[in-house]
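Both complexes below contain chain A, partnered by chain B and then by chain C.
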Partner chain A sequence: MENRPLEYDYTVAKMFMFTTIVLGIVGMLVGVILAFQLAYPGMNLFLGEGLAEYTNFSRLRPLHTDAVVFGFTLSGIFATWYYVGQRVLKVSMAESGFLMFIGKLHFWLYLVGVAAVVVSLLMGITTSKEYAEFEWPIDIAIVIVWVLFGMSIFGLIGIRREKSLYISVWYYIACFLGIAMLYLFNNMAIPTMLGTAADGASGIGAWYHSVSMYAGTNDALVQWWYGHNAVAFGFTVPIVAMIYYFLPKESGQAIYSYKLSLLSFWGLMFVYLWAGGHHLLFSTVPDWVQTMGSVFSVILILPSWGSAINMLLTMKGEWQQVASSPLIKFMVLGSTFYMFSTLEGPIQAIKSVNAIAHFTDWIVGHVHDGTLGWVGFMIMAALFHMAPRVFKREIYSKSLMVTQFWIQTLGVVLYFTSMWIAGITQGMMWRAHDEFGNLAYSFIDTVTVLHPYYTIRGIGGLLYFVGFLMFAYNIYKTMSARPVEESELQNASPMGA
Partner chain B sequence: MSIAEYQAYGYFALTVFLVIVLYSYIYHLYSTDKKEGGHDYESYSNIALKDDIDDTPVTSMSDDKEK
Partner chain C sequence: MFHWLEKHPFFFAVAVFVTIAFAGLIEILPNFAQQSRPVIGTAPYSTLELAGRHVYIKNSCNACHSQLIRPFKSETDRYGHYSLSGEYAYDRPFLWGSKRTGPDLMRVGNYRTTDWHENHMKNPAAVVPGSIMPAYTWMFTNKADIDTAFAEQLTIAQFFSVPYNKPVPMKDGSTKIVKMGGSVAEANALALAEAKIIAADMKDQDVKDAVANGEIPEIVAIIAYMNSLK
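Moving on to the complex of A and B:
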């Protein structure tokens, strides 16, 4: 029998890298289409009247959000887990046939789930709960996929050589537990076929239809406890896990303060779960829930900035790397955008600010400077770092990376600045009234005024999407670039011109 | 005493309690750092920096078994 030295096995990581890129392209393309539909309503018919059902804004919108959240981001989280997990626990997946099987099953079932989501959303089958649109059969499939993810995490931890769990592993565990709890509670539903109406009719609706177990205000409370914490445990916690591994590793610098990373972790865990009420300010939920949401949102600045500042200080004395390495650029800008959006969010959650910001495009702008600037940049940086190590080849082109970085940065800046102006304009116009209390503007007045900003947002989104295609091409070409030696992979990633 | 007063006292007590928990944790982190029987927290950065499969673990599972 051949006796080869033990190596990390990146089979499953590679599979999820593939879906990260493909679903990123799908989700962002749909996003760009939606942005231009808002600016130019005629775009709703871009495939003609006959297919209008499938191309209108309302049908495509959940496809965009779910493709980037559950497609791009989740795949990125899985890909990095199957890479980082092995390395910081110092154990290879090749050592356990069982974990390898679970990992592959995780991937293939996930792919089936993705296909079911895409088809059902395009057909207009939805529970109408934002970011929780999937009907119960798909929910059950997703729960199974999630359990497999958990088995991979705890299975790998169970056979580890490194006794202490690295800070990133804590964050991945939090991601797993947090989403498991949120998803289960928010998606509690009763299939309509099991129910009986007041007039005695039973077996109502299609077999896959369901109604939420919660009603009215309770439904809103559970939904936004879920919605906001999906941001916490999907867009924050696992992305922090990534930066705590990839930035120190790529720069060769130890974390500025490991103790601060632990303090921020527990701070984030404690504070985040109480902040969801800020989505329901000035609505029919109890006043104390609204106040609590506001207060906890403001406190949330501390643990968020604890992690972000810790990452920026990790670069202390090594700032020249930001100039020389595009990979470090992505991560440092990502961390900066994390600070920016975790300051912006609490500001929007203050009641007096929210009175203007609620329901406006400023909120959309806030989401996107977090997701494009922080989540997107960090996942792409992670994949750029992983590519030379999983393919044993240098990154195809450094100059392409630099160009991509600047195009995307410009895209993000255009996106959030246009949405700031649009949102605040919108909020002010909705509130404006004359001395008798009559509203000064009708809704269509705001639409007319906002048109240029919607166009700028579309262009910003398009630039980001173009950058993402450059990223996809760069990774694709990396698979056939110059092979590299093990010694070149210690810290800074090797890159071709 | 009205319910609002109970709430106010409760709110104050909870805030004080959380502040104590927060500072106790920070004190715990610094007081156990690098001490005998404690943790050398800052060395844990090396779990990421030296993560090749044949690198020596920072705190090895097998050391534990030998004890």
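Moving on to the complex of A and C:
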């Protein structure tokens, strides 16, 4: 065989890059609208009284979470898989017509699923379970999409030239397996059209409606085992996969420690699933489950920081790159937010802290410093790294990248600081008693006091959204520019791919 | 061992799966074996209440309102007795929520009336000055889906042995029978009878007229549901 670099085929990666950007814009725009609806309730009518049913906070809220989780993040995961997978396994998608077909089918079915989700959520068709709002027909479509993703992963692995699986591939495999297991179990439901009346009639009512297989406390336990670990296998595992590939490639530095990556991978796999119980502290689930949730959440700091420290030490001796390269800025700040968020989470999982934090905006703040600071930054960094190689054009504007970085960083900081204050204020006010042992505040007092923080949060979210639009514009200008690279950029990193 | 696994994707995947499935096996399965049983006084939802529960879910009320009272003095002072596992025995899905942008609703039926809910849903800020809750005016015109609620009753009676048309023990020693229709027409008649009781306490003339004409607006169903939360 001739000794020249493989030409990888990025057709499917490009498709998913497109949905990452479009669904990111949709999800974040809805998020900004929601933020301002809390600060200024008049915003619930932003399209007029007639459409209020479809534009009010409660109807839009699942659309925001699902658009950023299953739209932006999942697309980002798929896009990077179809890029990274080929390169670390040393095989091109073009070599297998079958895998190419699976990849394209994966994309188009995913798009159909996204359309169905948007329409059904706006109509109010939901199971109410967070991040699992979809009724059974959509669930079935999602399972098929997920199986196709699995076929892509294992298909590409099956025809690989590089025998040893690179660290990123471990994490993609774990992402696939983890979500598959969690999603299937959490969404077990019985379609109500199966119910038969005494007079023999069946198929009554809405055909898509279903009833959960689990009731009450059991349902809550399964839901948060899912909900927490959807975060694990959607927001942590595949994003770690990305940084293990993109940081060494971009910086030209080898991963600091293989042993540390082993420890953090297997540690994360074992520990994460136990921690779901911390969403149910002081609830009616068994006490031992709550305690396990607390304890394992604290242990979780070890594998989480293992990955993050491994990343930061990869930059050892090359810190000047943080100043000179906007892309490295995104990834280093991403790892830092990952450390920050994985320390904050365990603190909130401590029972006495949770007593104040639970049900408040502090939790919302925690979610967002992880998703905006870590997931968002990392996915955008990955796409910035991929764009010149996929489109064979240099990035349109580096200074735009730097501006975007600072605007978004400011946005994230405004977001989580305001939510800290809001959450702790509200938690303390809820529990305050006066000298006679009566509640010191009525509930509405604890709502009106939050107005300034809700406004600041809205501004923070808006800044992040504006930054994301700059990102989208930068990528658009990059892909539509005149080609400058004759062939794909070759990187002289120690990884050699 | 790890080097070997990294060269053998199948065994690698098996190892990952076993590692992540382990926690679920230990934490979740024991609770499945131990079905949560209803406490005395907990009855299944009537057709109209269930239709109201669907309206609650349709509008994601659970995005801002919890239904879980934690065992702290500040919470029992504000919302009533802390939640017991058996009180959720008929909740499919559970509606504990994860965020209290508004107050808990676990026992809202104890301290709010039909009249209060009617005014509040029309214009929350007029009832609670400073409220940031949106108005839910469309609930006064949209019709509740009684058929789907009935289908759900049939399904849970069939698959999960929820005791419809059977005596259920109450706290005062008496028993209560929650009726489920034998046909779609019967179910609708039962729901309408319940709706008339709610509508009698309401002031909105359009809602009253609709119920008199045999139609059930969503607002009537959701108020029936919230009145049942005790």
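Keep in mind that, in the parts below, the second predicted complex is superposed on the first by the 462 of 497 C-alpha atoms of A that agree within 3 Å, B and C clash if a C-alpha of one lies under 4 Å from a C-alpha of the other, contacts with A are read in each partner's own complex, and residues count from 1 in each chain.
Everything below uses one rule, namely that a residue touches a chain if its C-beta (ideal position, glycine included) is under 8 Å from a C-beta of that chain, and two chains touch if they have at least 3 such contacts.
All figures in this text were calculated on a predicted structure; none of them were measured in a lab.
Enquirer: In the superposed model on chain A, is it clash or fit for chain B and chain C?
Expert: fit
Enquirer: In the overlay, answer first, second, both or neither for which of chain B and chain C A:206 touches.
Expert: Touch partner of A:206: chain C, not chain B.
Enquirer: In the overlaid three-chain picture, which partner chain does A:266 touch, first (chain B) or second (chain C), both, or neither?
Expert: It touches chain B and chain C both.
Enquirer: Please indicate which partner A:168 is in contact with in the superposed arrangement: first for chain B, second for chain C, both, or neither.
Expert: Touch status of A:168: first partner only.
Enquirer: Taking the superposition on A as described, I'd like to know which of chain B and chain C A:324 touches: first, second, both or neither.
Expert: The answer is neither, since A:324 touches no partner chain.
Enquirer: Which partner does A:6 reach: the first (chain B), the second (chain C), both, or neither?
Expert: Once the two structures are laid over each other on A, A:6 reaches chain B alone.
Enquirer: So in the superposed three-chain picture, is A:41 touching just chain B, just chain C, both, or none of them (first/second/both/neither)?
Expert: second
Enquirer: With the two structures laid over each other on chain A, which partner does A:88 touch: chain B (first), chain C (second), both, or neither?
Expert: First partner only, chain B.
Enquirer: Where does A:130 make contact in the superposed view: on chain B (first), on chain C (second), on both, or on neither?
Expert: Once the two structures are laid over each other on A, A:130 reaches chain C alone.
Enquirer: Quick one: chain B or chain C, who's touching more of chain A?
Expert: Of chain B and chain C, C contacts more residues of chain A.
Enquirer: In the superposed arrangement, does A:249 touch chain B (first), chain C (second), both or neither?
Expert: In the superposition, A:249 touches chain B alone.
Enquirer: In Å, how small is the closest CA gap from chain B to chain C once the two complexes are overlaid?
Expert: For chain B and chain C in the superposition, the minimum C-alpha gap reads 6 Å.
Enquirer: Go through chain A and flag every residue that touches chain B in one model and chain C in the other.
Expert: Chain A residues touching both partners: 163-164, 262, 266.
Enquirer: Report the residues of chain B in contact with chain A in the complex, numbered from low to high.
Expert: Chain B reaches chain A through residues 22, 25-26, 29-30, 33, 39, 41-42, 44-49, 51, 53-55, 57-64.
Enquirer: Would you tell me which residues of chain A are touching chain C in their complex?
Expert: 37-38, 41, 44-45, 49, 52-53, 56-59, 61-62, 124-130, 154, 157, 163-165, 170, 173-174, 177-178, 181, 185, 190-199, 201, 204-206, 209, 211-212, 214-223, 225, 262, 266, 269-270, 272-274, 276-277, 279, 282-286, 289, 292, 296, 355, 358-361, 363-364, 430-433, 438-439, 443-444, 447-448
Enquirer: Can you check the complex and tell me which residues of chain A touch chain B?
Expert: Residue list for chain A touching chain B: 5-8, 87-88, 90, 92, 160-164, 166-168, 244-245, 248-249, 252, 254-255, 257-259, 262-263, 266-267.
Enquirer: What part of chain C is in contact with chain A in the complex they form?
Expert: Against chain A, the touching part of chain C is residues 2-3, 6-7, 9, 12-13, 16-17, 19-24, 27-28, 31-32, 35-36, 57-64, 66, 68, 70-75, 77-78, 83-85, 87-103, 125, 128-138, 142, 145, 147-160, 181-184, 187.
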